[in-house]
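Next come two complexes built around chain A: one with chain B, the other with chain C.
Moving on, here comes the complex of A and B:
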């Protein structure tokens, strides 16, 4: 497949790419992190740096694909390329909001299981309004919704439940009852997209509360146990159903 | 699971997960391969095949992105009708691809049987393997068709090995096209 050795990145946007494919970037992205280039033509070439997202690595003149999936492109602000891949295993990334399960309390720090290769740590002071005298009431087995403040391959991941201004903005201990289950990461990204149809259709069925963690975990709570389980089953099945089948399933349920 | 003819192997990949302190490597992921035969306990032949598979996978896996983790690949032989090692190689590559681990390239396995009269047969059946003078298995990478692993059972001359290698490299293109089509079908459903 000599042709795959260097295909233009723009030609492959929206198509399936495999590891080992080399993507060539158009000439105006060519190496120049520091200077500004004088452009003689009045082209619409974007200024700024190109962002190389998940699934891609810089290699020589272009980008090397490292995961299989669909190639996506965002043209704004210098442009960004990334690969949309389906995965079940979570790898911690800084800034991601995740649901963690408290597994141990070690002195001033809680150990949380976030589904990655290592347990994450969460300091007891990283909650809104927590001081040394006013400790948060966290027990082993509690669910916590927080974000990663340190997450790279070399260090143990650290989480906090406050944002940069000190407010909790929805993070913290998740309340009693409800149901926690795991889905694939691709479904979570679909559900988090603005104006997701699945959530709108489900909310017309029953009112419920939902917390989505980027590590593939979803917590759902509806008025009764039965309604909760129905919502859970629909969300789990959504991965493999087309929109048509989903509408049929919901119509059958709301008819009952 | 991969099925050329009647040989079929089921592959499962787990990771990157927490590694035991005794097994973790400080700068890269520790890959472990377990090959389970259809009947009986794994023996020396399975162990040597596991090492071949492990070395091939480590050549393409970007383990430096996940230091101090463990990645386990478990292969279960469902039926064996010849060309088992190349079937395991293909199953391992598809498992790595499906799990979303970062890879530098793809690889595939091709088996060549050298008949006593000098003709080359690709993907031989068990019967053809027994009658052959030599059986060569190659693992070929998708970038420039480089050879990642070569193992021979029997005896052959250097020229014959070169010819088998050339035939295997041509056959590899078909397998890579199959990978591409499978992935396309998977992503067309979402």
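Moving on, here comes the complex of A and C:
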């Protein structure tokens, strides 16, 4: 078996990588791993730790790729490498904000379907201002926007609708009406990028409200049913359209 | 330096908050959008505003001084309370004597009395 020699990580940023590729990191990471030398000159060594994101795994001298996709790099804050891959199936991750559908009430705990392998659990006390006597009004079939507090492969995922300071900050039961649909995870991340063009162009069309869950679910609500459906169709189709086609489609709509 | 493994995209990329509203459809969420996105850019400045006090600190100190005396009287034993009441009814000159009489008697009671042979 021929041992594959890895390539430098910096050279492959923005290019397609396949599972099994070995990425070599710049030398100073290795030196620090071998012996703890104090760096007197704060010249080249980046401060902080390297973040090895989704799709990558630490292996000996470098990073091993586990998913196929584009390699991305962020230089700030110690540096981060991750693989921008495409998938439809969501795997619960701690800290992610997701939209869940209530499927059952079991005593003090709600069971939510988040699109993962197991239903997530949500305690009735995990809402803002909820006490034992003051229970939140949640029915089976409601939509809930919350974040994961426990999500690993050994345990059932748990969700809460408050953040660490006890405030809801937008999480909780999503209101009446509106339309829920599913898209791929890559599109969600594209939409959530700062200054996303699709969102900016859509916001010029009609007043509407939108909730994006990292599990691929989007909930849209506009004033009329027709406007809601138009927004839904654009969001579903924009993954496969080029920027030009999208602008043409939007121009037609705003002309109507 | 160490390499940290991370399974969440949130820590790698700079993603905005997932709840959005446009053109005034839901004003609360629009406020939230501004708040959340400015939190990401600046470092979190939480709880800078202290609650404005209804009562100033000086007045609070004054009231507390007198309050300690008033509440202290509540926990005196019955005999001492009667003594104090008589003192209050009498004129101010006798109040001090009454008080001074009360206090040594209190001190005497508290100290261990050796049996006199």
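Just so it is clear, the second predicted complex is superposed on the first by the 239 of 256 C-alpha atoms of A that agree within 3 Å, B and C clash if a C-alpha of one lies under 4 Å from a C-alpha of the other, contacts with A are read in each partner's own complex, and residues count from 1 in each chain.
Throughout what follows, a contact is a pair of C-beta atoms (placed from the backbone, for glycine too) under 8 Å apart; a residue touches a chain by one contact, two chains touch by 3 or more.
Please read all numbers here as calculations on a predicted model, not as lab measurements.
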TODO: In the overlay, answer first, second, both or neither for which of chain B and chain C A:51 touches.
DONE: second
Open item on the list: One more residue to check, A:172. First (chain B), second (chain C), both or neither?
Closed with: neither
TODO: Tell me which partner A:153 touches in the superposition: chain B (first), chain C (second), both or neither.
DONE: first
Open item on the list: For A:208 in the superposed arrangement: first (chain B), second (chain C), both or neither?
Closed with: second
Task: Comparing the two partners chain B and chain C, which touches a greater set of residues in chain A - done: C
Task: chain B versus chain C as contact partner of A:199, first or second or both or neither - done: second
- [ ] Identify the overlap between the chain B-contacting and the chain C-contacting residues of chain A.
- [x] 57
Open item on the list: For the complex, give me every residue of chain A touching chain C.
Closed with: 25, 28-29, 32, 45-46, 48-54, 56-58, 63, 72, 74, 78, 80, 82, 93-97, 145, 165, 169-170, 189, 192-194, 199, 202-203, 206-214, 221-223
TODO: Would you pull the chain A residues touching chain B in the complex into a rising list?
DONE: 1, 5, 16, 18-20, 55, 57, 64, 66-70, 85-89, 91, 116-118, 153-154, 186, 240, 242
Open item on the list: List the residues on chain C that touch chain A in their complex, please.
Closed with: 1-26, 29, 32, 36, 46
Open item on the list: For the complex, give me every residue of chain B touching chain A.
Closed with: 15-19, 60, 62, 65-70, 97, 99-106, 141-144, 173, 176-177, 179-180, 183-184, 186-187, 189-190
